[in-house]
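Note that chain A is present in both complexes that follow, paired respectively with chain B and with chain C.
And then the complex of A and B:
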């Protein structure tokens, strides 16, 4: 168990990187507390797997230091680093029994036979593998194999963190939530640091206490699921998280308002003061756009293009000049395509972005 | 119960016809010869199992069979571990990998009789580089035409040179097919190089090794051209293997009956060994025995 510090880490796969595009992982500085559940969330190519491989030691970062509890492990190889990893596809040792698979990491580290048996039995019980211990590991189903892979990470008592590299990819959808719940339970019982890589926001948001959102090699925001939802620090975070993502509308600042096309979104003076001249982006989540005046809100007129009834709510797709806007509304409100609609944007939920980053 | 569609038989007819002419009829001809004594174009006597008893009791043939078994065993014992070892140390990517593959592939492209001739000349003490080096530079008396041990040594070296690359290529392909995650997981689990070999690489190579062992066994068991070119089966009959013995019997002496009987025995021996190897290796395949719980 350890606190993990990524101190000014950056990585490039080419020898002499100069421009940002040369880096697979832009410089970042993060600290992860002992016992936390973290998720690295981002589309493919966002650098999350590179970051994971840096943690496990499969990749040595070209810049910066990696510290476990203030001990520099940057140059320590995977074998001697206290890290466990679960891969996308279940990795098991075909010729061994389930018991031998689980005992393998301990035997390699010279743990005594009785201690090994005790620990393996304990972990097998958590993972519901007790009944399979004497079976050959190779004939089992994908989800059982993936539980064995997890088990090999969990048996070690000395690990600083267990890394999961999209571990539910090959698992049957019906079993996915079971395994995910199992992971949560493990996290509670063993209080081990878990770092989970995924491109699936539902997986990340349900699993992790804190989510690190990445895109094109850069860490855009780290925060609780709530923070990512309510206060995205970057347009990418706003757009990537949420279903559908945040409405992002290009606007120009003009006196006491933001101009979206020809319409004025009046803003309080302190927000105008913090904003910048020129092109900006106004962001608001579809959940916060209101069809009734909630008080302290800016008014917009939009024309409805399409309505998706989704049971619990309906999703209204509307157009404002050249800009599209999505609105989540109560299912009983009657709205039809072609209708002009007045919508309110509550001041508290309006975000202004410049160059993609949150300004006010 | 599933309905049986007899029209399927019709579908496999073309293959059956081809097999009839290429395998079944020739084999039956051999069976026919093996139970008769053919004295002339019109005179033949049914002799039952006499040729079979004769052949099996022939001390020359017994010695050839023993020699053949020793030779094939040596070939497997040397070539399989050597090929596997070379595949493990071969470069994985880049120019070196391509160069190694081309170099290894070269012996495989050379016809059997040419291989025999190459080594026949290479081993000669007067004009051969190898023979000269052994006798004159190292001072070790070496003459494959006179000394049985030298003949065996040369023949084994020749076969190792010619066919180990096949084992290497098979193992190399098998190794390349192992996903990186297995190596990474093994590193995370703290496995030693030996453990990685024993628990990751070797189990994943079971399939290709089965093929390699079967191919090398069958090929070496019917070896003919190389000893014929190199030593002609000598000195004496010390490198006369089964194929050459059979050829002498059938074509040299025209003893068609005993030769046919022996061909059948020969065929059955190869079939038996191939079956034994295959079953032994397949029986350990974990995929076939998903719940081998008793082995825990």
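And then the complex of A and C:
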């Protein structure tokens, strides 16, 4: 296991890159602790696969150094980096038994028979494969095969890290949570550094202690699930995390308030002082927009355009002057399109962004 | 147009896929076919389209028997899971194609229709591109635009969002709802996701293994599912089920909890029931009048804005949906609280004995103190 440092890493597929658009991966500097669980989260084209390939050694970064426990591995090949990988689709040998599949990476490296048996039994127990060890790997269900694939990634004790690339793609949605649970258990029991790449927020936030959110080749924020939800550092993070994402409304500062169109959102002086002149973006999550009048705050007036009942709650989509706002409300509240509502934006949950970045 | 399916069955090879379905869909209806894989949703749509013929039964359009009328002679358009467009046509030509086929030769009028539809679906910047140059979400928008411009009386959509990632799905779902509104065509939409059926807000037909379990307004079915299986299928996250007893003045859950008999259950005979509870009606916060269940945590699944806590109450799986991000270690203990007035009661046969009463509140009105002004 190793502590991983991505020191000023950037990558361009063209020679002599100059401007940001020349880079598939914008410069980043990240450190991942030994034994941590990390996720790279972003839509397609965000650069997460490029970053994964740099870690595994399939891509040599055009800029920066990659360090495993302070040893520079930038120029080392995949094999000598000691990285294990689990892919989207199961990679197993159908002609072998489950035991032989799990033992394969150890036997390849000359691990003795008794040590191999001990480790395979341990990994099989965690993955609920003990009963299948003597069976042929062919003919098993997709989720069992993918558990074997995971087991092959986990079985070596000498790896620097294990990389998971969208490993639950082929799993029946109803079974996914059980494999997510397995992955978390594995992390606790085996104390390995796990790096998990996905476009699915539930997968990333459930699995990882810290999540790296990426978009268009740039790392926008690394944080705990709670930090990403409560304090997005970038409008993209606010939008991408949460269903639906954060409300992002253009606003201008005016004295003691942010103006959304003609409506005032009062803010404390220190937040006004820290803000920028000109166009800003006010962010607030739909779950924090309140329909309850606290009595001492100015309310905003919105008109309801659409109501989406979702069972456990409802989403109210409304117009606030020239902009739109979504409100997550209890299902019992009777509202219909055309109704005017007074809403309150609690100051503690208001974020202000300039050029996409969090300011105050 | 009205669409009537009478006693429809379909056998393919040795397998019976649909079992004696009856369904009436009125003009202007949005109907969601909701069910897990192999429920028969696609098979039913293919019969509605005229791509297949049923083994027994009749299909009537406006009282005319169309059971054996070929798809080419029916007024129908279809959108599939895969993004299907003409690969060598630009987005513009793809969207215009049904108008050209229908003989809409007034170029100015055609251009306006194409551009209006492209604008509604956010495709204006991509009109001159080929489908292969678009993202998956844009390709599906293009297919949807084409289907919308075809002047068909029946629009069939077979899990159109399933191959998109969650952010694109969110955006396109909301757009589709606006797109389907108004007009007198029938829209039939197949999905495995209860949230889609509820959000689209029309009628829902809950299916399982080739049978219709319940049909009605989506919210009505959600609030009063006629049996356990329907309750399970229309709830996401799935409904919690607690087997137990109604005794004189109390409910006893098999896990050991005893609680006062809810007023709604006052006239139910004593005996065995299965009690249902939506995951959103369990909370981590204790409160007056709430019952508590000791739970061992299996996993905290975080979807960004909500946390789904998987746990075990005795030997029973139990799910709690909480706002915000909650961390709970695997194997830790927690108390889950709920209001007994939120319980459903299902009888021994699985059919609904009583649904909780649904109170409509005014905006700004609190439900007995459970809201928080964060």
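Keep this in mind: the second predicted complex is superposed on the first by the 353 of 360 C-alpha atoms of A that agree within 3 Å, B and C clash if a C-alpha of one lies under 4 Å from a C-alpha of the other, contacts with A are read in each partner's own complex, and residues count from 1 in each chain.
Heads up, the rule we're going with is that a contact is a pair of C-beta atoms (placed from the backbone, for glycine too) under 8 Å apart; a residue touches a chain by one contact, two chains touch by 3 or more.
Just so you know, these numbers come straight off a predicted model, no measurement behind them.
Q: Report clash or fit for the pair chain B and chain C bound to chain A in the combined superposed model.
A: Here the two partners, once superposed via chain A, fit next to each other without clashing.
Q: Looking at A:185, would you say it contacts chain B, chain C, both, or neither? Reply first, second, both or neither.
A: It touches chain C, and chain B stays clear.
Q: Once the structures are superposed on A, label A:108 by its partner contacts, choosing first (chain B), second (chain C), both or neither.
A: first
Q: Look at the residues of chain A and decide whether chain B or chain C touches more of them.
A: C
Q: Return, as a multiple of 10 degrees, the angle whose vertex is the Cα centre of chain A and whose sides reach the Cα centres of chain B and chain C.
A: Computed from the C-alpha centres, it is 80 degrees.
Q: Does the superposition put A:240 against chain B (first), chain C (second), both, or neither?
A: In the superposition, A:240 touches chain C alone.
Q: Going by the contact rule set out at the top, does A:149 touch chain B (first), chain C (second), both, or neither?
A: First partner only, chain B.
Q: After overlaying the two complexes, what is the shortest C-alpha distance between chain B and chain C, in Å?
A: 6
Q: Using the superposition on chain A as set up above, list the residues of chain A that contact both chain B and chain C.
A: On chain A, no residue contacts both chain B in one structure and chain C in the other.
Q: Quick one: which bits of chain A touch chain B in the complex? Just the residue numbers, please.
A: Interface residues on the chain A side: 56-58, 77-80, 83-85, 87-89, 91, 93-97, 99, 104-105, 108-109, 133-136, 138-140, 149, 152-153.
Q: Residues of chain A touching chain C in their complex?
A: By the definition above, chain A touches chain C via 43-44, 173, 177, 180-181, 184-185, 188, 199-202, 205-206, 225-226, 228-230, 239-245, 285-288, 290-294, 306, 308-313, 317, 328-330, 332-335, 339, 341-342, 344, 346, 348-349.
Q: Note which residues of chain C are touching chain A in the complex, please.
A: Spelled out, the residues of chain C in touch with chain A are 135, 165-167, 170, 174, 177-178, 192, 194-195, 198-199, 201, 218-219, 222, 235-236, 278-281, 298-306, 308, 310, 321, 323-325, 327, 330, 358-367, 371, 373-374.
Q: Spell out the residues on chain B that touch chain A in their complex, using ranges where they run on.
A: Touch list, chain B to chain A: 179, 181-182, 184-185, 187-192, 195, 199-200, 203-204, 286-287, 289-293, 295-296.
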